[in-house]
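Look at the two complexes coming up: chain A is in both, with chain B in one and chain C in the other.
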Partner chain A sequence: MEQQAEVMGKVVEILRPFVKNADALSSVSMETSILKDLKVNSARLVDIVLEIEDAFGIAVSDEQADQVKTVGDAVTLIMKTGKA
Partner chain B sequence: MSQGAVGNDVVDLDDVSPASERTRQRFIERVCAPSERELLAQSDDPRTLLWVLFAAKEAAFKLASKLGPVPVFAHRNFIVDRAPLAGAPFSVTLPSAVRARGTVDVHGRAIHAVAWVGEGEPHREVIVGPDARAALLVHLGLEEARVVRAPRADAYDGLGPPRVEVRAQPHPVDVSLSQDGRFAAFALVPVRA
Partner chain C sequence: MSDRRVVVTGMGVLAPNAHGLEAFAGALRAGKSGIRFHQHLADAKFGCQVGGIPEGVDELQGRYLSQEELLAMNPNMVYAAIAAIDAWTDAGLERSTEKVDWDTGAIIGTGIGGIDTIAEKLAPRVDQGKVGRLGSTMVEQIMSSGNSARVAGLLGLGNQVTTNSSACNTGTEAVIDAFFRVREGRAERMLAGGSEGSSKYIWAGFDGMKVLNRTKNGAPAEASRPMSASAAGFVPGSGAGVLVLESLESARARGARIYAEVLGGDVNCGGHRMGGSMTAPNPVSVQRCIRAAVRMAGVQPREIGAINGHLTATFADPHEVANWSKALELKPDEMPLLHSTKSLIGHALGAAGGIECVASVLELHHGFVHGSANCDDLHPDIAPFERRVARRTVELPLEVIAKASFGFGDVNGCVVFRKWKS
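The block that comes next holds the complex of A and B.
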């Protein structure tokens, strides 16, 4: 299982093209809200879920996607669901 | 006593994520119910229709969040019954099985969808600019009016839907605000005090 920091690094890189303000990622943490702090809109959030599925080889259900509010939520989901 | 409620969403067609185009088919499967995928397959302009459907679902979600607990936001569970072409009414079935009325306006590169329950039809506007709240207050033209959001534990940002207060008293309208790209939008319906 990948370490949390490594997963978080990959998640940040997945988020990067969808975040209009690159500076917002410079201080990202597990508590960073994807919608509120990174100002990612809901359409881009669907894209992010698809990218996470591809990058980590996992399937994310609607209910799981609905629970992803923060960067930490995405990392936790990946670590619970993902493969090494 | 009939109480209206409204949700709205604006989409800037020039601010659509390019990734949505690249992963288009999977995006469609994630967002659209089978009946809606059929509408897309039959459409002369499926790219625009996809964003029209998306805006309609977002509007419906905002409405549904006012009618009960915030539902799981799985777009394909908010089902639009027909291709919501500009100016033509449609219905959207919420996960609670409530059927809401809907309308879509296309203003150049802005798609504005509104979903509502109750009598009449909402007033709705799209502006070029970031501040839907300010546009709403200009429209209302009320002294000492402000838009507030009360704390709400099940909301994604911890805040409930916007409400209008005049001199700290609830104003009898239900409102919805939206912002995307270059555009901001609002919709409102009167509610009986």
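The block that comes next holds the complex of A and C.
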């Protein structure tokens, strides 16, 4: 299983094309809100989840996807799903 | 608030032979062709393997649009956005990331729309049972209004924002509809014009109809031949042309530079009667449309210095010229100078009227009529008009120009511009 920092780095790169507030990426943390802080269009969460599935070889259910609010939520989900 | 005067205060153009007003005016004057051979058309076994595609857009789009915006934009939307942003800037208008401009709207049409997105992304995934992997960006690229909707977001437009579609009349119809909206006082400014992408999927249906020229694949610059005896079908084109139409009082209040006044315009349909059909114009409706536009403009036919015609290089060209002559009640030698911008850029379908209205206003502004290429061998039915066909660029103090478009569906549009004199 990849370390948290490594997973987070990959998540940030997946998020990068979708963010409207690029400055917020430079100080990104586990608590950073994908919608409020990074200003990602909420409709694009679907695309982000698809890219996470491809990048980490996991399947994310709709219910799990709905729980992803922060960068940390995505990282935790990836690490948990990966372990499972 | 009715019958207000409407003027053109800004323009943007992304054409196969140039991007930007200065380059486009120069390309028109110089007779620069934007028609090229395209290997991907040959690979798909098109009969017509030449076309007009704006060049350098991959590099250009990054200067206008963010990576996030480009994720959900096909070429049709990108072309519209570049032309609209250019028009906005040219009009001296400010871009705000916060404010909504309730007084400005957009009618930016398209003929075929996002069929390339459907063909390349949506249909294959649906057919493979992968609907769940379509992502979020399909609808905004395939909804007909995607091009104008994106522009609304880029510029913060708060008035009417819509996409019209009337085949090859689309861009001209958009200008006329926007003219009426400003004239009636429902908006202070409207962005108006058209855009069309450059995909083989957009063009294939026309190739299948055998209405594209398949005789000049080895000589692309000679392929688009309006008014020529050797015209053998049109050459597909693409791009976008957008004008900022504004009430005269608004333009004056903010000290805007004014290119031209929109004097009048009309749109109609031939009802697929009297020789008209889905693919051919009813000549009576064409003449009625021209007459109505000129009547509304309040000018005498002899005051019209030039006609930027529809003139696509099909069998319809001689009929179009005859219709102009009848509608204006002018003998061949009395006619305005006839020319076709399509001879240089091809037929940009839903974008044609927008790009060609920009061309017409540039001609008024700078005082020239660009040469209509590839008609040295004039069609015999147009031969009586030979002295009034602008085969080479003419410098002249143009005062009034008429622009018309005629589209599949038997639909027509004609708009009359006058050079602005302060």
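One rule holds in what follows: the second predicted complex is superposed on the first by the 82 of 84 C-alpha atoms of A that agree within 3 Å, B and C clash if a C-alpha of one lies under 4 Å from a C-alpha of the other, contacts with A are read in each partner's own complex, and residues count from 1 in each chain.
Quick note on the criterion: a residue touches a chain if its C-beta (ideal position, glycine included) is under 8 Å from a C-beta of that chain, and two chains touch if they have at least 3 such contacts.
From a predicted model like this one, the values you see are computed outputs, not experimental measurements.
Partners chain B and chain C, brought together by superposition on chain A, clash. Of the two partner chains placed by superposition, chain B and chain C are both touched by A:Leu50.
Of the two partners chain B and chain C, more residues of chain A are touched by B.
In the superposition on chain A, A:Pro17 makes contact with both chain B and chain C.
By the touch criterion defined above, A:Glu63 lies against chain B but remains apart from chain C after alignment on the C-alpha atoms of chain A. By the document's definition of touching, neither partner reaches A:Gly9: not chain B, not chain C. The clash between chain C and chain B in the superposition falls on 153-161, which is one of the stretches 9-17, 153-161, 225-233 or 243-251. The intersection of chain A residues touching chain B with those touching chain C, taken from the two complexes, comprises 17-18, 41, 43-44, 46-47, 50. Residue ranges of chain B in contact with chain A, taken from their complex: 11, 16-17, 19-20, 23, 26-27, 30-31, 54, 58, 72-77, 156-157, 180.
Chain C contributes residues 66-68, 71, 133, 135-137 to its touches with chain A in the complex. If you check the complex, the residues on chain A that touch chain C are 16-20, 41, 43-47, 50. Those residues of chain A that touch chain B in the complex are listed here as 17-18, 33, 35-36, 41-44, 46-47, 49-51, 62-63, 65-66, 69.
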